[in-house]
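You will see subunit A twice below: alongside subunit B first, and alongside subunit C after that.
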Partner chain A sequence: MGKIIEAEKVGYIYQSKYQKTKALTEVSCSFEQGRVYAITGKSGSGKSTFLSLLAGLDVPTEGNLYIDGKDIREIDRDAYRMNRASVIYQAFHLFPLLTVLENVMFPMQLQHISQKETKTRAQEFLAKVGLPDSLYGKMPNMISGGEQQRVAIARAMASGGQILLADEPTGNLDSQNERVIVELLCKLAHEENYAVIVVTHNEKVAEAADVVYGMLDGALEVVRG
Partner chain B sequence: MKNSLKQMMRTPMRTALFLILMVFAALLMTLGTCIWLKGISTMAQYEDRFLTIGTVRQVPDSFEQTLEWNAETKDYEVIKRAQYTSYYTTEELLFPDAEYLAEPEQRAFYTSYVPEYLMYNNSINPNAIAWNLIAEFSPLEDCMPDESVQIKITKVIGGDERLEGAVDYFCDHTNPNPEMLYKDKTYAAILNSGFYIHGKAYDELMKSKNEVHIGLEYIPDSLESGLRLPDGGVVENSFQDGQKIFEVTDGFYETDAGKRFLNLGKLELAWKYCQPVTGTNKTCLLMPFYNGQAYICEGRDINEEEYASGSKVCLAPKTFMKNNGLSLGDSVKVQLLLTDTRMNAGRKFWLDGRVGFYGGLIDTAGEPLEVFETSEYTVVGIYDVTVSGEDSIFDPGADELIVPMESIEARDGKNLMACGPMTNATSSFQIPNGDIDEFLKGWAEYGTDKLELTFYDMGYSQLKAGIDNMKKLSLCLLAAGVILTLLLLFFFSHLFITKQAERTAIERSLGMNKAQCRWSILSGFVLLVLLGGMIGSMTGVKLSDRFSVENTGEIYYDETYTVKTANKINEIEVEEAAATGPTAVFCTLLIAVAGTGIAWSKMNKSLRREPMELLSERQEA
Partner chain C sequence: MLQYLSCSLKRRKISNLITIGISVMLVLLLNLYFGSISSYQRQLTDLAQNVPIYCQITNLNGSMGNELFISERILDGLQQSDQVKDLSYMAIMMAGEGDFKDAEYSKYLNLHVVGANRVEAVGELTNDMIHMGSGNVDELLSSDRMECLINENVLKKRGWKVGDKIVLKCYYYDPASELHKIEIHPMGGTIEVTIVGTMEDILGKTNAVATHVILPARTMRNIFEQSGLKFFSDTITFYVKDPLNLNAFKADMKEIGLMETSAEAMDSYSGRALTVRDANFIASATDLKHTIELMQSFFPAVCILVLLIGYVVSYLSGNSRRDEFALLRLQGVKKLKGSMLFLWEQMILVLIGNLIGDAVIALISPSLATMVIVNGVLLAAYVIGAAAAYGRMSRGSVVYLLSTQQ
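Take a look at the complex of A and B:
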């Protein structure tokens, strides 16, 4: 299976008005479709910064990051996020004023897919993540955390990309919901051929991953895989 | 945009509150702007129609008392006459900082003697007897003329010849020591209608005829020249010791007195063929035109250029034009015979047809006065006069021609028959509207208390005060509107944009670029601002109609003399709020631009933060 993302001595420096902070140092790794990757580490170790780079929200200040073999600096990163990579957050970050269904429809609307098809596909994605259709018309704050995270995963899938980036996806969930979400992410990788990259400090999540990277003070090392 | 609106509609209270408050703020802003503009526009329109003029009157330095014999009461009467050390000129009013639209002028009026014209007094009663005359007469009995005595007019030297042979009454009324008159002698005198018949003649008339209306007696007048010096003095103090009654003997008309009688006789009926001509520098300075008594009913006013260059153009009265078969554009012959700087034409040529003419139309050599200037004036405007029935010192003269002052070459006053100080009817100036207080401040510093100023502004000051109040109110509304708009925009942009930073971050992470995010958030907000602005502005415009000058409870009239119709003062039609439509659009756009600007800056702030950072921050929280 080919490498979908490849990091080559990636470094990142936060530059504020008064100081420079090195968040990542010579991070080199690669990610393939059909596998679940876990990146573990303490808070402030650089996990989220790395995820931000993988999501194309920023570019490395040092080294290179390749997406499908192309330097991330040279691709349309907005299009990349719209079509290839999606991010799932710990706090779900659904649109609070859109219904569950509308939240899932949103990425497809950006791609100018017809309203009818958008709706049908959104319902399919919601079914895939196991959300009962009685919840489709509800507002995010009316459903549980686990359900919200499933909606977030369905929305990520709706963008059509095969790269799923998750930032502490189970951080706000109880153990039962945590298990459901982890199983769902693994299923997406193994059955739907997604490349799932999870930033977590949850050991159970890391255990379920195919590859585990550890991050310490901005440096990445393979823990298992 | 659809999602943006959808999300806004799902916070209906907040959205509705924002919309309502925006409507209110826009309403205040537009209302304030409309009223402000209306105030300015109304004032500008009134500005053209209102005129502020001042009149000048020189206050007498003292009053001289002279005694004059009254034959009826057999006693002296005290006659009071105003005394002036000297006459002030209009230059006295040219003090520093005095701003004039028309500089002060003291107008003379001239008497034009043109026998071929039919004058008003002749037209209304062509067969009226001219009672004053220069004649020979004899008393019916030997008598002392210290009371009304009967005389027979034996020969008319100058005047209405129909009176030859008439028997009338005579009295040397103001002479305390009259001389005897003998029935077998003939006398010559200037016979003016004077006082009511008195003495034994009165008693007999009452007894025999039971007369209710007692006529006037003739009194004699002196033979001096009537000419005056510019300082008001006479050119000739007395002629033959002021003798008024002369016995006619052989060769009498070869004597100086006799020649004077003959010469005076030549112009005795001149008044029937005379019309006043007034020179001015601006029509509105003439009070009858200013106060609307006189108005141009055909043609136009004399323009500034014509006034300045002294063009031979004139405004002529409708009756004069009609009586002489003249029409607009025709020429009027002007032959100036006399000059009067003491009063206005209306005090000599009365609107009811009476003429209070001058006596002594001879020079010091006893020769009759001659026309000193002849011109042809083109009639550019015909004016009519409303006769109020009240005797006003400002009344225009019958048949009065109005001409540019500069068009009269001998305007320094030839054949000066009356000379006096500046009066309200002869001296005036124009200042800018609203400048009275400022002018008086300067006058208090530089002026003299010997000149009394009276201002007329047609109620402009009152109107301006009303409009100024309206403008103050509009400024308050405008300021309140602007402040409220800004506060609302800042507050609600905080709610709708700054607090939506998370939404922006999610949209960014879902692949929307910055421009799409901006549009997504701003479109709904700006649409609400625009909608609120539009509704508020339109309502403001509607409401502003309620604030008009007419609604302040005052009625203002157009006093401009050129737009009057006969006997009617037109109410001013002010074009109000001509620009209310553009004002509404302007206010709406201004609010929309401000809203977009504020929202844009807030949005930029949100977009500057990295989505991951923002979303992670929330996560940790």
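Take a look at the complex of A and C:
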């Protein structure tokens, strides 16, 4: 299977008014579709920084990061997030003003897909993540954390890109919901051919991953894979 | 994005209502401010009509306003001046009925004849005291027809009736007379005039001097000219045409040859001075001008205040939506598009507020010009404030915003 993301000696330095902090040092790795990757490490080790580079929210200060063979500095990173890669977070980050269904419809509306098709497909994605249709009209704050994370995954699927980046996706969930979300992520990779990259502290999530990277003081090493 | 905008407008009820409410309040306050200024400006403009400046030609010490000798040069100058309006002038002479001998003048010379260019020129005569046989009194007095109005008591006493032609022998007052020794002299020949209307007797009703015959002023002037005599007006009054431009008026009057009154001047019958009753007007105009200047001096402060409110409201609104903006960015919405979405939303709310405010103002005191200014100032303030606030917000890091929420 081809590499869709490839990091080549990626480094990142946070530069504030008073100091410079090196968050990543010569990170080299690659990611393929159809597999679940876990990046583990202590808080402050640089996991989330790396994930935000993978999401195109920032660019490396050193080294190169290639998306589908193109340098991330040269691509339209907004379009990349709109069409190719989606991010889910521990805090779910659903649009508070949109209903469950509207949240899932939103990425497709950005892609100018017809309203009718958007609605049908959003309902399909919500069904895939196992959310009952009685919740479709609810506002995000009216449903549980597990349900919100499933909506976030459905929204990520709706963008149509096959890269799913997850930052501590089970951090706010109980064990039952944690298991459901991990199963969903694995299913996406193995059945829907997504490249799922999960930044986590959680050992159970790491155990379910196909490849596990460990991050220590900004440096990445293969733990299992 | 339109769906998102529509959801946001519908579902952010409280904050949207607050934004609309602030806009309504600002529209009302700004209308009050600009409305007050334009009301004062209107009052100042209307002051000319509400507090007209009355002028009268007097003798040099200002003790007499009528029974004067006012030269043709002054009359012509005033008639040609574009600083003068509603000019009323009157001239007087004596007359007797028929072609009597000069030696018998004391027996026959008993008619006071007035030449007037308007009804108002004759003492306290008013239009409703005049009864025309046919035609219009204003048209008559502005003409040079050999027609006249007769005091109804005189008409009755002499057995005249409207339509009769009467022959009059006229005498004029000699301007060369010494003070307090007015002399009259025959003008030579007679005139024939047709009675076209009557007037009620002023004497008894007002303090004015008895007037028996009224001729059009131009007719009387022609009679003087035909007799080879200089025409003198007895009384001239008028109003300043543009009271807000008093300096130009005074310069024009000086050019005509009119002087300022001086209490130290000797008594005379020569009408050469101008009395301008402008004290009330000047006091009112000065008060209004000061008030307008004071109000206008607040204009920069008002603009800054509106800008600040527009900025603060937009900034607070934007600040409370930074996570929403970060989410939009996470979904691939570009910075400009995301900022514009919030800006449009803010503008729609402000417009709704403006429209509600305008509707309220339209019910109270509609003024299109003020509304346009208010809406313009308010929208500009909000656009600048909102653009600055959302521009600042869009510079924030998405990663930072999303991670702080976790």
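The rule is simple: the second predicted complex is superposed on the first by the 225 of 225 C-alpha atoms of A that agree within 3 Å, B and C clash if a C-alpha of one lies under 4 Å from a C-alpha of the other, contacts with A are read in each partner's own complex, and residues count from 1 in each chain.
In the analysis below, contacts are C-beta pairs under 8 Å (C-beta built on N, C-alpha and C of every residue); 3 or more make two chains touch, one makes a residue touch a chain.
Model, not experiment: these values are computed from the prediction.
Q: In the superposed model built on subunit A, check whether subunit B and subunit C fit or clash.
A: Because the two structures are overlaid on the shared chain, the partners are seen to clash.
Q: Could you look at A:Asn64 and tell me whether it touches subunit B, subunit C, both or neither (first, second, both, neither)?
A: neither
Q: Does the superposition put A:Gln33 against subunit B (first), subunit C (second), both, or neither?
A: Neither partner.
Q: Just to be sure I read the superposition right, which of the two partners does A:Gln123 touch: subunit B = first, subunit C = second, or both, or neither?
A: In the superposition, A:Gln123 touches no partner, neither subunit B nor subunit C.
Q: Using the superposition on chain A described above, determine whether A:Pro107 touches subunit B (first), subunit C (second), both, or neither.
A: It touches subunit B and subunit C both.
Q: Taking the superposition on A as described, I'd like to know which of subunit B and subunit C A:His93 touches: first, second, both or neither.
A: Once the two structures are laid over each other on A, A:His93 reaches both partners.
Q: Would you mind listing the overlap between the subunit B footprint and the subunit C footprint on subunit A?
A: Dual-contact residues (subunit A): 48-49, 52, 55, 57-58, 78-83, 87, 89-91, 93, 95, 97-98, 102, 106-107, 109-110, 159, 167-168, 171.
Q: Please give the residue numbers of subunit B that touch subunit A in the complex, ascending.
A: That would be residues 3, 6-7, 10-11, 502-503, 505-506, 508-513, 516, 610-613, 615-616, 618-620 of subunit B.
Q: Where on subunit A does subunit C make contact in their complex?
A: 48-49, 52, 55, 57-58, 78-83, 87, 89-91, 93, 95-98, 102, 105-107, 109-110, 159, 167-168, 171
Q: In the complex formed with subunit B, which residues of subunit A make contact?
A: Subunit A residues touching subunit B: 43, 48-49, 51-52, 55, 57-58, 78-83, 86-87, 89-91, 93-95, 97-98, 102, 106-107, 109-110, 155, 159, 167-168, 171.
Q: Note which residues of subunit C are touching subunit A in the complex, please.
A: 1, 3-4, 7-8, 11-12, 323-324, 327, 329-334, 397-399, 402-403, 405-406
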